[in-house]
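Okay, structure first, notes after.
A, B, C, D, E and F label the chains in the order they appear, each numbered from 1.
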Amino acid sequence: MDGANTAWILTSTALVLFMTLPGLALFYGGLVRSTNVLSVLMHCFAIACMASIIWLVAGYSIAFAEGTPWLGGLQKAFLMGVGKDSLAGDLPEAVFFMFQMTFAIITPALIVGAYPERIKFGAVMLFSGLWILIVYAPVTHWIWGGGWLGGMGVLDFAGGLVVHLTAGVSALVIVVVLGSRRGFPTELRPPHNPGMTMIGASMLWVGWFGFNAGSALAANGDAGMAMAVTHISAATGSLVWLCIEWVKFGKPSLVGVVTGMVAGLATITPASGFVGPMGALIIGLAGGLVCYYAVGLIKHKLKIDDSLDVFAVHGVGGAIGTLLVAFLVDTSFGGGGLAEGMTMGSQFGVQLTGLIAVLVWSLVASFILVKIVQALVGLRVSDDEELEGLDVTSHGETGYNL
Amino acid sequence: MKFIVAIIQPFKLDAVREGLSELGVEGLTASEVRGFGRQKGHREVYRGSEYTINYVPKVKIEIAVGDDIAERVVETVQNVAQTGKIGDGKIFVFELSEAIRIRTGETGEGAL
Amino acid sequence: MDGANTAWILTSTALVLFMTLPGLALFYGGLVRSTNVLSVLMHCFAIACMASIIWLVAGYSIAFAEGTPWLGGLQKAFLMGVGKDSLAGDLPEAVFFMFQMTFAIITPALIVGAYPERIKFGAVMLFSGLWILIVYAPVTHWIWGGGWLGGMGVLDFAGGLVVHLTAGVSALVIVVVLGSRRGFPTELRPPHNPGMTMIGASMLWVGWFGFNAGSALAANGDAGMAMAVTHISAATGSLVWLCIEWVKFGKPSLVGVVTGMVAGLATITPASGFVGPMGALIIGLAGGLVCYYAVGLIKHKLKIDDSLDVFAVHGVGGAIGTLLVAFLVDTSFGGGGLAEGMTMGSQFGVQLTGLIAVLVWSLVASFILVKIVQALVGLRVSDDEELEGLDVTSHGETGYNL
Amino acid sequence: MDGANTAWILTSTALVLFMTLPGLALFYGGLVRSTNVLSVLMHCFAIACMASIIWLVAGYSIAFAEGTPWLGGLQKAFLMGVGKDSLAGDLPEAVFFMFQMTFAIITPALIVGAYPERIKFGAVMLFSGLWILIVYAPVTHWIWGGGWLGGMGVLDFAGGLVVHLTAGVSALVIVVVLGSRRGFPTELRPPHNPGMTMIGASMLWVGWFGFNAGSALAANGDAGMAMAVTHISAATGSLVWLCIEWVKFGKPSLVGVVTGMVAGLATITPASGFVGPMGALIIGLAGGLVCYYAVGLIKHKLKIDDSLDVFAVHGVGGAIGTLLVAFLVDTSFGGGGLAEGMTMGSQFGVQLTGLIAVLVWSLVASFILVKIVQALVGLRVSDDEELEGLDVTSHGETGYNL
Amino acid sequence: MKFIVAIIQPFKLDAVREGLSELGVEGLTASEVRGFGRQKGHREVYRGSEYTINYVPKVKIEIAVGDDIAERVVETVQNVAQTGKIGDGKIFVFELSEAIRIRTGETGEGAL
Amino acid sequence: MKFIVAIIQPFKLDAVREGLSELGVEGLTASEVRGFGRQKGHREVYRGSEYTINYVPKVKIEIAVGDDIAERVVETVQNVAQTGKIGDGKIFVFELSEAIRIRTGETGEGAL
């Protein structure tokens, strides 16, 4: 066991939990109407709790226990056989288990941004629970748990495919079945508390250091460089968004700049252990730019009410980063270098295969899950409940009694 | 007695209050309202979506006064609250049938 | 000196300070009326500052310097003789001092939840200051500082007795003397900002990793397993509370779910270094369930206005965890195993002795302290001040000028 | 490479970023009118992004690459030649680069407190960008990067001169050119959200552990003692401010106590690696006391609208700490001891030289920069925009839609 | 002149405003109020304690109009704000003695 | 019909509502206002700067009632809202020309 690495991954675990609780919850919570803020916080919090238990019961084992290229076995369910002295690499396995748990928490929580202000709480819980078992854990096994995509050499350092693409695609699927918010797209209310969104975004940024630099599973130069490129891409994505808004509207907005940050971070995620500072600048640029236009495409052209832009930012960002890494990993861009025997082209082919596989699986499985949930508990609250807001109608609470 | 309601620019509240207090009007009640009128609100853009905020924040003040000074009160409000720009607001005057001071039960102008 | 362990305990110190500032402060602040929010934040903040100085001046020495089984000596007052090279185990002593200080900060701050909206600020300060010296530091010595309870073999990994029981019992004592809020129990206002409470709760959760996993004083498998069981118990406690509310009222609430989380965390605290994942599930279940009904018992049956449920959550949780650990530490429950020569029964006896000793001392000493404070500065603000709120009347400030 | 030290500095980097995002942003944001809160958050966030890129492009190299006693060379621009295996001391250079970047982020962000509610966003960006290159990076080189002041033996552990004095002096300069807020000093609005300020302050406190204890660049007793003295000074500064207000107004305020905390922290910063607990008490006392009266002097006597007291707290605090360390470093005060051949007097001379040099350079350079910015993009928004608030007029957003 | 005060469902504000603007009424003032009436509030439970929120959020709109169109204004508000459910609100009509536009000093119907 | 406006201490709202409901008045509308009057606000000090908050939070209640019970409504409000301390507030009584229930279109006293 390596104490220094353990110290850093214990810390990273805290940082990644912090990303969801309260980071992501606040990021999303500030963007909805004031009568739905608690319901969004509740979605994130309750998913986090449930995901933790599911991860213990079976998720971790499906993802990381030995098994087939498609699925891990159940021999580690309930952490059976894992004690204080069990190791995963040079880390105590309990630490690795916890670090990975925080990823299994944030991924379904990302999807929350797709369906706020109109979904039934029961549907959130049922969908998220099944989704972890059917989509998240298997895909994790494919890529990080010794499965077929990892075997092919897919590069996904911290979850461009595992986290962002799965969440983004499933978000889109759920919205298509669930439908738009009443009044979309013309009569919506502006974000009720952009400052809350900024607080959450800042926590996401800080926590992402644990996410990406923690994914090195060591306190060394790999982690250091992963942290540096993560930061550079976040800053670049923010500035890109800021500049677009400044030019287009004359008024760069806080909500805009933090959205650019998330785009930059989602995009660098798969690449963070492989590219150098140059690559990070390019990725931040690409992430900011493409995600900006993707938001417009999904919301305004296609009129799909992916309410807080989960697909346009996470799905698209994760996908771009996954593809770009095939080139930027090369030493000519200051990256760590392609694997032996790989060319940019062949690596790109591998990346594309991974992307398509994950996309298709997320899409198909999520669609089936949504339909099951719809049949079992229903997806949508009544019009009156939507009008009054979910805080009171689903949770019996009021956000602000000032 | 008259009951005077004025819709004014929020930043004029202090000045109006002082102006009235010079007239001997010591009490009034203010509240925040949203004004819709010739002065338009503004546009906000979040992630490319536009939201039109079609109201303007205003302050409503309510002043009960004796008939004798009602006119001077109206004049004062009008003078002090005026900036000459669209959106300065309105003054409305009503007949007040009765006024009571809760603390003492006094009625009429003595209650003000 | 071990660098890796030092790195982790430096981090844990930051995490535990973060639990109080701003975690606990926000957790409590969101639950009161909007005209008392600043006073609650102020209580937590001012106590943190004062506790730090008291810890330096004498608290640390009373708790951790060599002395009698009852009290440490004063030879380490003002950190006398402690330099950069002094060690405590394999940590620099300055680090151990700081880590423990954060515990001495949060424990009196927990009590703040008992008396908000009606107490004099002077009483808060005087009581808290004396309490650290008379209750907290001695009990810490008994259990962790080489005192009589530690010698007996009491198991209290991170403070079920030292932190949660002392705070919970003293909270109850102070409320009984101070009296209820005006309008209790029928005419109170609902929490003014449940979102603020959730932010604080999330910070508590994240910070608790430092609290429990940091109490291993090392970056190793012990810390890893402590973190894992802490997390599992928190998640379980939350879900228990959520389910009870869902069944009873049809509307699971955010305030409820985060209260369950704190119950789960308080309950696992004494056990966190000793039990395994199975034990954590049982503890989370017990903590959530018992604390839920304890809140009702204290507030609605006994009509004691322990306003933010310090005793029902922390006191009761800490007590249950302390007793359960006698069984769950056993290898048959996946725990680390009983000490040599102990049986579950004998360990239970030891745990019960510790519990009673700490309970009685906290009760008696706090009662005397409250009476002294009452005599010296008075406990309660006037009715008019209570009505107007402590923010303006005690601190000359307003919480929200929106 | 030392893994343990790397683990701690990775963590410290996250902590110091957290100080700015969202710590400092919230600290400042709570103190302005509700119609300017987003603009303050935006200033901090956008500066953070821009500073990161500038640091990558040239700042780091100017500060830390080998060069003259006045300026580093540009050989490390864009981190050229820095890979995963490059070391700075026993840390990966990427980690050292990142840690220092967080200092380059927070320093210009501190200045934000001088000019809120009336400055043009373009002016903020242009000034801050130039300032990092012309003031911050060179001064860093002088003191920490192998430059002339470091060579003379100036003691500045974590940035009393580099961070706090530069920011404080430049804040003053910019205000003098920019002018006061409309209505200053008689008709201003009270802080719109003191609770937000307290949250930010708490994050600053926690993050400062990374700032000061991280500046040891190691996980050892130096870091531990730096953390301890940092904490003690923060607590002391808070209590001093609290006592002054309690005596003067009868109502100790939350805004007051957290301001005292920042004063205590700014003052200990240059001294944190050199002094002992006694020294920390003295520094906290001096910081709290002097900064309290400095606020009154600048704002009420000199009628300079350094709106959120950047100079009076950071500038003055940093200066006092820099001077006091000459005495308190001595073993007679429990400090680490003067350098060989130094006396208190000679050290004081060195400290004073450093202080004057940094002060003069910050003043002159900032004045020229402000004038350039004024000429190029203008400094101040129109009266109408100031009245309506910068959130809507500069950023097209509203802070609270409750 | 008449002064019309209507208490309506908050989500009807936009529709009412548009309806009135078709009648040529360009200005009005709105504010948030708490309504107590037949429509009851709701219950909230926090940690087992029940809190009854016995009011319902409503919007109050105030419109000064000339006598000629007053009746049509009332009708319009009534039609547009109606959902047929309890809690739709009330319209109150007052005599308005005088109206002044602050910006210009105009009085009477010209001030509206 | 009469329209009664009362400015009262915020913590008296519940009591007033209950008092009125005993009289058979089931509906009223309340809102938060800032009162300026004999009762003064307070001083706040932030970092040595003083801010005078020169208003006091009050609640305004508006009640439309039939002529028959108007007097008893005024009395009830006055009795229940009274604490005897400065700042208890005022009651103002207006003539109400017309009242309409939006849901049904009922007019006059039947609309209340």
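A few comments on the model shown:
Here, a residue touches a chain if its C-beta (ideal position, glycine included) is under 8 Å from a C-beta of that chain, and two chains touch if they have at least 3 such contacts.
Given the structure is predicted, the values throughout are model-derived calculations rather than measurements.
Shared contact partners of chain C and chain D, listed by label: A, F. The chains that touch chain E as well as chain F are B, C. The minimal number of chain-to-chain contact steps leading from chain A to chain F is 2. Set side by side, B-D and C-E show the greater C-beta contact count at C-E. Mostly differing positions are employed by chain A and chain D in their mutual contact, as under half of the interface residue numbers are shared between these two copies. Per-chain CA centroids place chain A at a distance of 45 Å from chain E. Spacing of chain A relative to chain B, judged by their CA centroids, is 51 angstrom.
Put simply, the C-alpha centre of chain B and that of chain E have 18 angstrom between them. In chain F, the residues touching two or more other chains are 31, 44-46, 53, 94-95.
Across the assembly, chain C contributes residues 2-4, 7-8, 11, 189-191, 194, 219, 249, 251, 253, 255, 396-400, 402 that each touch 2 or more other chains. In this structure, the chains touch in the following pairs: A-B, A-C, A-D, A-E, B-D, B-E, B-F, C-D, C-E, C-F, D-F, E-F.
Remark: chain D residues 31, 185, 188-191, 194, 245, 249, 251, 253, 255-256, 259, 292, 295-296, 299-300, 309 touch chain F in the complex. Residues of chain F touching chain E in their complex: 3, 17, 26-31, 64, 94-103, 105, 111-112. Of all residues in chain E, only 44-49, 51, 53 touch chain C in the complex they form. Residues 11, 14, 42-46, 53 of chain E are the ones touching chain A in the complex.
The touching residues of chain C, counted against chain A in their complex, run 2-5, 7-8, 11, 15, 33-34, 189-195, 198-199, 201-203, 205-206, 209-210, 213, 218-225, 227-228, 231-232, 234-236, 238-239, 242, 249, 251-255, 257-258, 261, 276-278, 281, 336, 399-400, 402.
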